[in-house]
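As structure tokens, here come the structures.
Here come two complexes built around chain A, the first alongside chain B, the second alongside chain C.
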Partner chain A sequence: MARERNPIQVIYLAERICGICSFSHIVAFVRAVEDAAKIEVPIRAQYIRSLVLELERIHSHILWAGVACYTFGYDSAFNLGMLLREKVMDVLEALTGNRVNYGVGTVGGVRRDLTPKAAAVVREMIAFYRREFETFLDVVTEDPIAKARMRNVGVLSPEDAVTYCALGPTARGSGLRVDLRHTSPYEAYGDLGVKPVVPQDYTGEVYGDVYDRFLVRVMEVIQSLDLLEKIVDGIPEGPITWEPKLPKVLASLKAADGTGWGIIEAPRGDDTHIVKLTKGEDNLTWWKVRAPTYSNAVSWPLMFMNQEIADAPLIINSIDPCISCMERILVSDEKIGRSEIVTKAQMMEKCREKTRRLMGA
Partner chain B sequence: MKMTRVLEILPKSLWVFHCNSGSCNGCDIEIVATITPRYDIERFGMKLVGSPRHADALLVTGPVTKYMTDRLRRIYAQVPDPKVVIVVGNCGASGDVFFKSYSLDGPVDNIIPVDVYVHGCPPRPEAIIEGAAKAVLLLEKKREELLKAGASR
Partner chain C sequence: MTCRPEYVKECKCPDEVMNCIRETLGESLLDIELRERWDGCPRRVLYRDIWVRFERGAYLSLVDRLRTIDFLHFHVMSGNDDGDVVTLNVHCSLFREAGEGHRIGITLSVPIPKNDLSIASLGSRIPGTEFSEREMREMLGIHFEGLVNTNLVFLPEDWDEEIKPWRRDETGPSPENIRELS
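The block that comes next holds the complex of A and B.
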């Protein structure tokens, strides 16, 4: 598909790799193209990119936290999370005009400026979340049942996380201080001083279980609020694109020759795009994407070891996967030579039953 | 169409089965937003059900990948009559950015008949609610036709 399109057209395809981390994919792709064509991005554009990336992280993490609660039958927390999430959606809409696929990134910069009005909306959102997000945090992290469902479930030790290349919050949940925004800052992150969020800083110890991954994500929402504040305060004046005239951009991309990389920290882990441009060709020569779930899914078997089936949906969910058709499992009992397929619905039911059991106990 | 009419003619709550035929997730997220507190389509009695056999309406997102074609047909066949098909999102309606991809059999109307298209990439939750309202009207028409043709209730 992409090979029949020029890089600017492919941006909109890259955006639709995933409807949740759409902007992460754009930024990774655009950075790869810029790397191949040696294009400098103005500082203001870098700040705006970081701004949208952080907003996206907030909405993705809140959505995930809500869905995790939903998985173990905590529907009120799910709805609370979704209600909170609408605020950041409003802000994204005010900033970019769209709720999900924003379409603000372009090669060499961004397409929409941060107006003072939009900055005010962002500030208002930061204040709102500082006020309201605590409720959600208390509801979930202090709740004994929620804790019982997530503690010591789906454990991934730090050593295994390294061996099996876990990324993003999955690795950080196992106590590894890895975060591309910290280890190899891109866009404006170099100025912002991001520290990886790891559970030992909050609870004093690392379990590497679902609870830790949960904690990492909610704490990252709070971290993102601080980053947003720094971005809005520190954004410099200047142009927002390297070259506002599209034909000129296309001409220079046509003249470019080489391979470019773009690696960024998406909400789920490292998102890598590699692009090859050939001189004299309008279109991409090739394009390779590695989304974080490819790496994170490898560690599932380790997390599943010695766990109940009722916990399986939660464990699957805990890496925040981007799949839709893999939600069934094959249960086999070697001793009696029996195997049976458990579907997603049965699995969810089992998972919720366990919560009820815990509540009854 | 007046939205108030919808409530007048609704004989029963609209139950919807959602089939993702290879979408980018954007539309699915907006559907989730539609059923959660801000937009809360459930206050009209519409809800997502877990089996096509319980559904009145089939809601399809995504441009229908080759792998999903057969499954989509089977799901469609399992929805009892009268039924409506709602396509949410541009990619189900026309292919959108996935147009001309080698792995597509879609858009959806290549495979099953579609009654309501909701455009946008992704559409806003308000648009999805409007689509559902249109589906209710259509469903009612189909029900009457079936009754006229001699179907029992």
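The block that comes next holds the complex of A and C.
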């Protein structure tokens, strides 16, 4: 599909790779194109890109936390998560006109400016979450049943997280201080002082389990609020595109020749796009996308070792996989040489039944 | 050589890493480039990538040399059918945990001749490469020596493995293999 389209047209394909982190894919893609074509992005556009990326991270992490709670039968926390998530989606709609697939990114900048009115909406959202999100934090970190379901479940040691190349909250949940916003700051992140969120900074120890991955994501929501405040306070004046006239942009891209690499810290881990532009060609020569799940899924077998089937949904969910149609697993018992298909519904029931068992219900 | 399950804390600057690459590759080096991105306000360089293109014979020796500097974090492999050769790009990074602005992205680019489309597997050194090597095998037909699991990752189980979806020659998909979406 992409080989028959020019880089501007491919932006809209990139945006549809994921419904949650659509803007992350756009930014990784356009940065790869900008790398290949040697295009420099105006500073104000970099701040706006960082702003939308952080809004997207909040959206993704709250959604994930809610779904994780649903997985083990904590429906009230799930409902609270869904309720809280609405606020950031409203803000994205106010900024861009859309709740998903915002249509904001383009090669050399962004397509929507941050108006004073939109900045006020972001500030109001920050105040809202600082007030309301603490409740969610307490609900899921203080509840003994939630902790019992997540602690020592799906462990990934720091050593395995390194060698199996785990990413994002999955790697940070194992105690690795890895975050591209820190070690390879892009867009406005060099000005924002991002520090990787790791469990040992909050609990004093690293288990590398589902609980630690949960904790990292919840604390990253709070971190994102601080980053958004810095962005809105510090955004410089200036143009929002390298070149506003689309025919000129396309002409520059047609004249470019090279391979570009764009890599950013998406909500699930680093998102990588590689693009080849060939001089004289309107369309992309080739395009490679690697979403974070591709790397984090390599660690699943390690996390599953010596765990119950009832915990499988929670472990699968703990890397926040982006696999739209996974609805069954094949369970093999090597000792007795038997394999069995377990459906998504059966897995979920086992997972929720274990919670009821722990509660004595 | 076994994996080093930790990162070094004292990192090297890009020039030092490039010199190390030049020394290791010698005459196998075809091309090397440092790319720096100017970001933020005020503009400064905190994002760096090294692109190195070299002959296949030096693949493992370069990977092993880089792994003495830091655990070579693997991102993904990309590739393309470039006529007589298939180009394999291995996207990695050094100093992923070494502090603000210290990570260096490294792309190892290796042209592999189609009449001997094989290269060593990195699986024993970097277990995280498995999915990518299987993907490059099924999409471009690259044989990775030492890759244990050669099951398909993305293509369906009944796929005719003689057809390599990313190839642009006679082994690539023919029009009847392609279902156009509206």
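The definition used in the following text is that the second predicted complex is superposed on the first by the 351 of 361 C-alpha atoms of A that agree within 3 Å, B and C clash if a C-alpha of one lies under 4 Å from a C-alpha of the other, contacts with A are read in each partner's own complex, and residues count from 1 in each chain.
Heads up, the rule we're going with is that a contact is a pair of C-beta atoms (placed from the backbone, for glycine too) under 8 Å apart; a residue touches a chain by one contact, two chains touch by 3 or more.
Since the model is a prediction, treat every value here as computed from it, not as a measurement.
Looking at the shared chain after the overlay, A:20 reaches chain B, while chain C stays out of its contact range. Chain A has more of its residues touched by C than by the other of chain B and chain C. By the touch criterion defined above, A:82 lies against chain B but remains apart from chain C after alignment on the C-alpha atoms of chain A.
In the superposition on chain A, contact is made by A:261 with chain C only, not with chain B. In the overlay built on the shared chain, the residue A:1 is in contact with chain B and with chain C.
Shared-chain residue A:190: touches chain C; no touch with chain B. Applying the stated contact rule after C-alpha superposition, one finds that A:304 touches neither chain B nor chain C. After overlaying the two complexes on the shared chain, residue contacts for A:63 are found with chain B alone; chain C is out of touch. Taken together, the two complexes place residues 1 of chain A in contact with chain B and also with chain C.
Against chain A, in their complex, chain C makes its touches with residues 3, 5-7, 35, 37-41, 43-44, 46-49, 51, 71, 73-76, 78, 80, 89, 91, 93, 95-103, 105, 107, 126-131, 166, 181.
The residues of chain B lying in touch with chain A in their complex are 20, 23-30, 32-33, 36-38, 50, 91, 96-98, 100-102, 121-122, 124. On the side of chain A, the complex with chain C involves touching residues 1, 35, 40, 43, 46, 158-160, 162-166, 176-178, 180, 182-191, 234, 236, 259, 261, 263, 270, 272, 274, 276, 285-286, 288, 290, 294-295, 297-298.
Chain A meets chain B in the complex at residues 1, 4, 12-13, 15-20, 22, 63, 78-79, 82-83, 86, 89, 99-101, 322, 324, 345.
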